[in-house]
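Chain IDs A, B, C and D follow the sequence of writing; residue 1 opens each chain.
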Amino acid sequence: MRLSRHQIAARVAKDIPDGAYVNLGIGVPTLVADYLPEDREIILHTENGMLGMGGAALPGQEDADLTNAGKVYVTEEIGASYFHHADSFAMMRGGHIDFCVMGAYQVSARGDLANWRTNSTTSIPGVGGAMDLAAGAKHVYVVMDLFSKTGESKLVQNCSYPLTGAECVERIYTDVAVFDVIPAGVRILEIFDDLDAGQLSTLVGFTLIDATTSATVRN
Amino acid sequence: MIDKEVHDAGEAVSGIENGATIMIGGFGPPGQPVALIEALLNRGVSDLVVINNNAGAGGDAISRLFGAGRVRKVICSFPKAIGSTVFDELFLAGKIELELVPQGNLAERIRAAGAGIGGFFTKTGYGTELAADKEVRLIDGEHYVFETPLHADFALIRASRADRWGNLVYRKTARNFGPVMAAAAKVTIAEVDHVVALGELDPEIIVTPGIYVDRFISTGYAPTNPKVTS
Amino acid sequence: MIDKEVHDAGEAVSGIENGATIMIGGFGPPGQPVALIEALLNRGVSDLVVINNNAGAGGDAISRLFGAGRVRKVICSFPKAIGSTVFDELFLAGKIELELVPQGNLAERIRAAGAGIGGFFTKTGYGTELAADKEVRLIDGEHYVFETPLHADFALIRASRADRWGNLVYRKTARNFGPVMAAAAKVTIAEVDHVVALGELDPEIIVTPGIYVDRFISTGYAPTNPKVTS
Amino acid sequence: MRLSRHQIAARVAKDIPDGAYVNLGIGVPTLVADYLPEDREIILHTENGMLGMGGAALPGQEDADLTNAGKVYVTEEIGASYFHHADSFAMMRGGHIDFCVMGAYQVSARGDLANWRTNSTTSIPGVGGAMDLAAGAKHVYVVMDLFSKTGESKLVQNCSYPLTGAECVERIYTDVAVFDVIPAGVRILEIFDDLDAGQLSTLVGFTLIDATTSATVRN
């Protein structure tokens, strides 16, 4: 069984430890906030100048001066702080954010990340803070469907899309499996779908290292 | 006596001429100086270079500058916006130049201009097409790219409150680019919700000291609900 | 749950070993974390590299570190002090190394370390002996000197109030180097006058967000008159 | 008649315009604050993180957390603001301080400034913020006695002491005269002592440009 977007988000959330400072990207990464364990105090950073970001604002209670990086109206947690953009990105670029979770078009076997543009010549390029997170976060986690709508693996030997950052991704959470990028290659930590490591390697198109154990919970 | 408040937005943007490089604050709507941008539109100047993180975002005051053909070049990190086509059409038709800059490089380059830094090395963008043709350097085993300061003739920013010295405080995530842009432009013009008496702002909480503000207008207007501002 | 307060200064400085590079906040006495420095002295570690603007200033806690022979090297802008001879004697006897750095370069190099900057060009010091043998570059017709980031293993800083997340606010000119040092060290240890409940510090006025603070002690002590602190 | 230290400070103060942001160095420059015209609002910067610095604190009313760059307890003016050291020096280095007034050991005919150390091998060098002000202030003004205790001119063709900054000084206020450094050389704006430009040139040791006028007030 492949995981839904919400299930992937929940799976990521399990791995964020108490006390972590975390930046969640737009899309599925944002959903991770909904699944963070209640017994952990995890502090969310938003690139537009805030630590201690809370959930989305309720309808009618939005504050025009308080949005997240996706321009969605959000709330502030007790203990929050605000700062300007250069300070916010110094925090990201200086290696102070423990985890960032971003979506991706492609991740390579070396951990190269491609998530800011495709090769389309008619799309408007936009990069935002993705390259800063790729270069600066202590742990770069990616969430994505393992296969594109046309069935191609988004985990690839070499990215065909323009890079956001080279050799920066540490872990990849997908609907099919969780992977770690290690010096020896890409290691499978968990498989959710009814596949073994060999079958998964075949689908992805290159040999993956099997580190799944019987102890692995298959959601 | 110092009193940096001017009467209206038209007076505030006086002196901005064709060809000017203009920083505009805001990350999307929060921090965007709407009244000053409208006044700039009314002023009719063109051939502008605009530095703004989300230049092009849908239907707002900045995109009206584009629509009116006033902008020659945009320096930003994210011009895409759902529901906006003004920038896209101009860009795809080759009628507007785009310098796409990673957001942190944008903020740091603006900060560098205000701080007298001639350039700096950053890891952001190394190995990507946004760093193509840029100087690179290996420092302590890691690759860095050389980035240059971004200066401007004018900065248009929005804050929450000001005193007559031009000391500014902001609200929540509307702070964003205002403080660094204020320091990076030759002339900084602010739009604030309220002016308060000198001394009413606690010296410990002032975010932009008045030294960085040349003049400001007060709109008397405090958005707390987005429906009010849209 | 996050609670960064530790019980005493000895526990706060645990983990500091011989040979560590330590940033110490303060511009003269304001901002100097006296209790932490005393604890460091009691800890007995030596061969330290100390980064502090006024290292050597007369008779204070830092100079006692010098007097006890714990410091191998000092990086600072102004080691001279009226009424102090400890540093002078060690320096003239060749028993302590001095890297003299213009104060703005000191602050900017510390800031660069915290911000992930690999190095930057500054006009300060160009054509002087403090820039001798440094890389220079002509940028837009002006001469700049290349300066590198200053990292540290530990930062010892002093603030006014903290909450359990380690969010800090400072008082007046005691703010000085605290905020940039907090970001530049692998481990940042703060000494504050008071701890307050989470949420008691207005999010708009927090100067050092807790992300930069690993642990802190509260002295329960608020100096408002210098006679109290000396 | 040569000016006293207080008279030099008063003479500098006359030239600081309303609304100016000013950094005053330690020593005679600090005295300038006492002579700023009452009808002008002039904002003093202190490098240790403050704009709107007031005068010295009264005895018994010192605040341990509020000093100037010379570690003297000072007060805050209404409208003051505090900031950290990197922000304070960004203000100085980024060209935002209108005037800085510093003492000097020597100033050269090209405006080179020497004020941080002599050639003594037994003195402890200390530079503080002098090089940042020399490089960053819009207008660098120097106050000094024109002659050393041993009678040598401190306005020189070439500095023999180590430089603080090259070609940075714009104006020099001394007990004997006020000078401007211009591309053509050093120009005398006012002479206080009973000397003419030729005599002054002889004492200084190189030819000065005479720009004194009959309208010049001789204090």
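Throughout what follows, a residue touches a chain if its C-beta (ideal position, glycine included) is under 8 Å from a C-beta of that chain, and two chains touch if they have at least 3 such contacts.
Chain by chain, the UniProt names read as follows: A, D = 3-oxoadipate CoA-transferase, beta subunit; B, C = 3-oxoacid CoA-transferase subunit A.
No experiment lies behind these values; they were computed from the predicted model shown.
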Chain pair with the higher count of C-beta pairs in contact (A-B, A-C): A-B
Distance from the mean Cα position of chain D to that of chain B, given in whole angstrom: 35
Chain A and chain B: spacing of chain centres that average the CA atoms, whole Å: 29
For chain B paired with chain C, centre-to-centre distance based on mean C-alpha positions, whole Å: 33
Multi-chain contact sites of chain C, meaning residues that touch two or more partners: 108, 111, 115-117, 122-124, 170-172, 203-204
Residues of chain D whose C-beta touches two or more other chains: 50, 76, 82-83, 89-90, 93, 135-136
Touch-based graph of the chains, sorted into line, ring, star, complete or other: other
Every chain pair in contact, whichever chains are involved: A-B, A-C, B-C, B-D, C-D
Footprint of chain C on chain A - complex, ascending: 18-19, 21, 41, 43, 45, 50-52, 76, 78-83, 89-91, 93-97, 135-136
Residues of chain B touching chain D in the complex: 1-2, 111, 113-117, 163, 165, 167, 183, 198-199, 201, 203-204, 206, 209-212
Touch list for chain C against partner chain B, complex: 108, 112, 115-124, 137, 139-140, 142, 144, 148, 169-172, 202-205
Contact set on chain C toward chain D in their complex: 27-31, 53, 56, 77-80, 87-88, 91-92, 98, 100-105, 107-108, 110-111, 122-130, 160, 170-180, 207, 223-229
Footprint of chain B on chain A - complex, ascending: 46-50, 60, 62-67, 71, 73, 76, 82-86, 88-90, 92-93, 122, 124-132, 134-136, 162-166
